[in-house]
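Each of the next two complexes has subunit A plus one other chain: subunit B in the first, subunit C in the second.
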Partner chain A sequence: MRGKIIFLAGLAAALGAGWAGFPYAIYTSRPQPVDFSHKVHADKAGAKCEDCHAFRDDGTFAGIPTLDKCAGCHAAAMGTTAAEENFIDQYVTPQREPPWASYARQPENVFFSHAAHVKLGNVKCESCHGALGASDKLPRYRQDRISGYSRLGMSMTDCIACHRQQARADSCLDCHK
Partner chain B sequence: MTTTRRDIFKFAGGSALGALLTPAPWRLITDTALWSENWPGIPRPARGEIRAKFTHCSLCPAGCAVRARCVGEQPVSLAGVRGGLCPFGVTGHQLPYHPARLRQGPVSEAMAAVADAIAKCGPGERVAVLDLRPGRTASWTARRAMAVLKNGWYIAPVQSPVAVDLTKARTVLSLSAPLLERWGTPANVFAVRDGFRLIQADPVESRTAALADLWLPIRPGSEEALALGLAGQLTSAETAAMTGLSEHQIESVGQTIGFGRLSLVIDRAMSPAVVALNVKLGGWGRTIVPRAEAPVPPEWKKAAPVTDLATVPDRSIRVLLIDESAPGEYLPWDAIEKKLAAGNPLVVVFAWSANGYGRYAKYVLPTPVYPEATDDIPPAIDSPAPCFRIAAPLLAAPAGVVTPSEFIASLAGLPPADALRERARAIHQGGRGTLVTYADAKSVPVKEVKPDDFWKALNAGGCWVGQALPPANFRAPVGQALPPANPSQGLVVLATPPAPSPASPLFTKLYQESDLLLAPNCIALHPQDAARCGVSAGNRATLETPNGKWSVRILTDSSVRPGVVLAARPEMASASGKVVRV
Partner chain C sequence: MNAQKKYGMSIDVDRCTGCGSCMVACAVENNIPPAHAGANDRNGLTWIRVYKVDNGEDYPGKRSAFIPVLCQQCGEHTPCASVCPQQAVDVDPRTGIVGQMPERCLGCRYCMAACPYHARYFNWWDPRWPAGMEKTLNPDVAPRMRGVVEKCNFCHGRWHAAKQKAAAAGKSEIEPGDYVPACVEACPTGAIRFGDLNDPSNDLRHPDSFRLLKKLGTDPKIYYRSKRDWVRNVAQASRPVSSQKEASHG
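Then we have the complex of A and B:
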């Protein structure tokens, strides 16, 4: 009887550590450099996703906007909040690019075309990026200690699931060129 | 209550089972796989702005126009502008990463050694530059440098004085010239291929022979005999006996290429005999023209003349500088070696790999390689008009490399100058010809372009095309005697592509194909030839050619044409060879 209890104790300890402790221990966490609110920009400035996350002339996706884009409106402080003041002092005035951490960074061996998905496939931004565009606060960037990728990123499983649901090609070479 | 060892094992067993029921081990497997994707040494695709750059390929004298797709500053694919590129040209942007690429060399030490050797040159001893691709601006710099040195020589492979105009030809008779393979500019040749009938006289069914309208399987080494027969210096019967063709075939070809029928006869190097035949057929000023060169600044005309290696006295060169940076026609090392002075001559080779003449040199100095090198490409043999094309670099050269022309110029004390720009200025001042730019597909008279714009356009892959001289100004080599008929009585040694490097048997395709290729120590010949030479399959023998002797193993193959020896090593190739049983 005592042996069974010890065995079950080990089982319970491992289950607890694996389900409750491991998912937190595997990630490091850090805040984004700027306390950015998509919601404020969408509501008050009337900005749409593509106003900042634009396509280049050659059709490629520019990704996270550079400081030039931000400074177009924020050349001077546009409010009195601490976040605004920090952004102006730390980045706009010294002309330093904010070291944004990308939630959606993909491995080098993945070829993903925003143009094909957004322009040809009419896929909404939220389909992959969730409700990030309507959030009032950027979530903390949680990086896998081993793989180096974000917790919030799109995984291959997500891509395949969507492609199968939409009856699109899902062979290896469609994404891994 | 005491904890026993059994308790610890039971707890560990429970933990192990519990761990398997959590996401941890499975997640660790996935994470480890993703982590391994970022290990050092794993290639990463370039990121950056995608642009098209234009240049010219300098891998061979054809100098095809190239459109490079660049990501950031990195060329990621090459394509031809006017027609296609050869397989070498398409993959040329990988050359800087070749495992045999040289990146560092004893430049200062070599400079000091050369200066010392020049100072110690004895009477009658010479300093020479061997340039494998003459006619470049870098070649002019070397010639000017050798003119400054009182005992300087500029040596280069003999170049044909004529160019051909395939656009004017209605019939082309090729005497073993690989017209559809690497003779001339591939894109230009194929662009006009439908405009002429091609007769290929070739001992073997080469790729050109296979694609020709008519293949004449002549005896090895009898090309000149056929030329003499067609020129009327041999009778049809004599020509037939020497070439192995029938009299009817020879007469039929003679009628096809008769006088004034816009016929062109070519061989590998447009030899004097073939030029004379073309003149006799009325092709002078029509299908063949003098080979023109882009203008050079007047002060360059004092350069040293081009010397043929054969005319250089034996044992006369104390210091030899070999510019191998631009691949061209290689001269056998045996022929070079006997020109070197006895007693420790100094040989310096400029090359991107030590596998060429570098094997015989005291110093091998690394050079930029295409597409790092800035160089110009002289007009190809199928370019009737002069032209000036720059192989503009697509990549920055590594820090340790040296430009041969700069090294040689500094040795002779020439003032440092951008020779390419000086030549471009001279061309612009001439005011003739047109500037062709590939980015916008425009052709603009040079007179309408400003000097700076002209230079910028050339560096952006543009090409200056001059005007061919009118026929009245030609000085035709009429009366030049054809050499006496003397077809080789020995075996013609042809080099096949070398066997690939040893690969894993898992690469079954490569592995199987490698069995079809000759090993470097084997030669193949027809069973009749083998019997004539007294050898049979598997024997050890010596292959003797004017280039040297090699110990080889014999393979017999009835598909090899009689009179021909197939060898894997390019240096074995020769018009006359002999197989001697060991």
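Then we have the complex of A and C:
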């Protein structure tokens, strides 16, 4: 009887660690530097994704905007929130780029073109980035301790699933470099 | 989908001065690391390599020529793809380019044994750049790791960039001028030309051209040209003639 209890307790502990503990333990996690709300910008400023996340002239995607873009509106406080005040004090005034962590950054052997997906394929931002654009809080950035990959990034499985479904190119070197 | 392309090259041996600009441009473009201290002529990385050949005669009849040899981008069934146990090599039916996938490669080097042109290279060492020089790396090309095979892929990064540029303009077809491999761009005598072999407006497949080791039936997409008969004969020789030397490389 005692042996059974020890066995079951051990089993429960092992399963608990595997299911609940390990998936968190393999990621390091840190908050984003600024308490940024996509929702506020979309609602109050009427901003669309491409207003800040823009293409460059050569078709490459600029990704997370640099401080210049933010300072264009936030040179002085526009609202009364502590988050904005913090942002201006710590980054805009000293002209320091916030060390944003990119959730969707791909490994160095991946070629991804926003132009091909957005301009040619008419893929919506949400299809890959989820509801991030409507969120009120930026989730913590979680990074795999072993691979260094972001937890919220697109995995190759996600890419391939869509490419197969849409009967698009899916040979290795279409996306790998 | 895109119209089917068949990218190929024309190399005019009579114009090649053996300067090696193509080799340097290729190495810079494709993030090929400086040669390891232990590297020699047989195990360095040179996706394009300029061979020096001569007609085998003594002075005053001696004549030399330089033949740049890169992956010959064999037809649809390449020797390398046939032997690869990992499906790490494939021929893209839309471009005709023979692709090499380093992440899939297990390093068995069957493909190197199968390649009749010695155009494949093995990473015997981890790539290393002198401190600070990693800043000069081309972000469009991923460096390879130790233990995998690599080779010319007609500057795949430039193909991606051209595709992206076209997509940004709302087009699915790239402009021919937007996609030119680094060696073609670097050649000071214009000996190397590049384009779509299916495009009748270019003469890459000039009737006078020849291909290396044609008798093997590998159907390469690199067409060489020379007015000299002995050069044409050398290009068909199974074994290099005894006096053949390689141009030095870095």
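Everything that follows uses one rule, which is that the second predicted complex is superposed on the first by the 164 of 177 C-alpha atoms of A that agree within 3 Å, B and C clash if a C-alpha of one lies under 4 Å from a C-alpha of the other, contacts with A are read in each partner's own complex, and residues count from 1 in each chain.
To be clear about the criterion, a contact is a pair of C-beta atoms (placed from the backbone, for glycine too) under 8 Å apart; a residue touches a chain by one contact, two chains touch by 3 or more.
In this text the structure is predicted, and so the values were computed from the model without any measurement.
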Partner chain in contact with A:L8 - subunit B first, subunit C second, else both or neither: first
Of subunit B and subunit C, the chain that contacts the larger number of subunit A residues: B
Touched partner set for A:N122, first subunit B, second subunit C, both or neither: neither
Touching partner for A:L173 - first (subunit B), second (subunit C), both, neither: second
Subunit B versus subunit C as contact partner of A:F55, first or second or both or neither: second
Subunit B versus subunit C as contact partner of A:F22, first or second or both or neither: first
Subunit B versus subunit C as contact partner of A:S113, first or second or both or neither: second
First, second, both or neither for A:D144, with subunit B first and subunit C second: first
Subunit B and subunit C footprints on subunit A, overlapping residues: 58, 60, 108-109
For the subunit A and subunit B complex, residues of the former touching the latter: 2-3, 6-15, 17-19, 22-23, 26, 58, 60, 107-109, 144, 146-149
Touching residues (chain side subunit C, partner subunit A) in the complex: 90, 92, 94, 97, 99, 101-104, 140-143, 153, 156-157, 160, 163-165, 167-170, 172
Residues of subunit B defined as touching subunit A within the complex: 6-7, 10-19, 21-24, 27-28, 30-32, 34-35, 37-38, 42, 44-45, 50
Subunit C-touching residues of subunit A, taken from the complex the two chains share: 55, 58-60, 108-109, 111, 113, 115-116, 119-120, 169, 171-173, 176-177
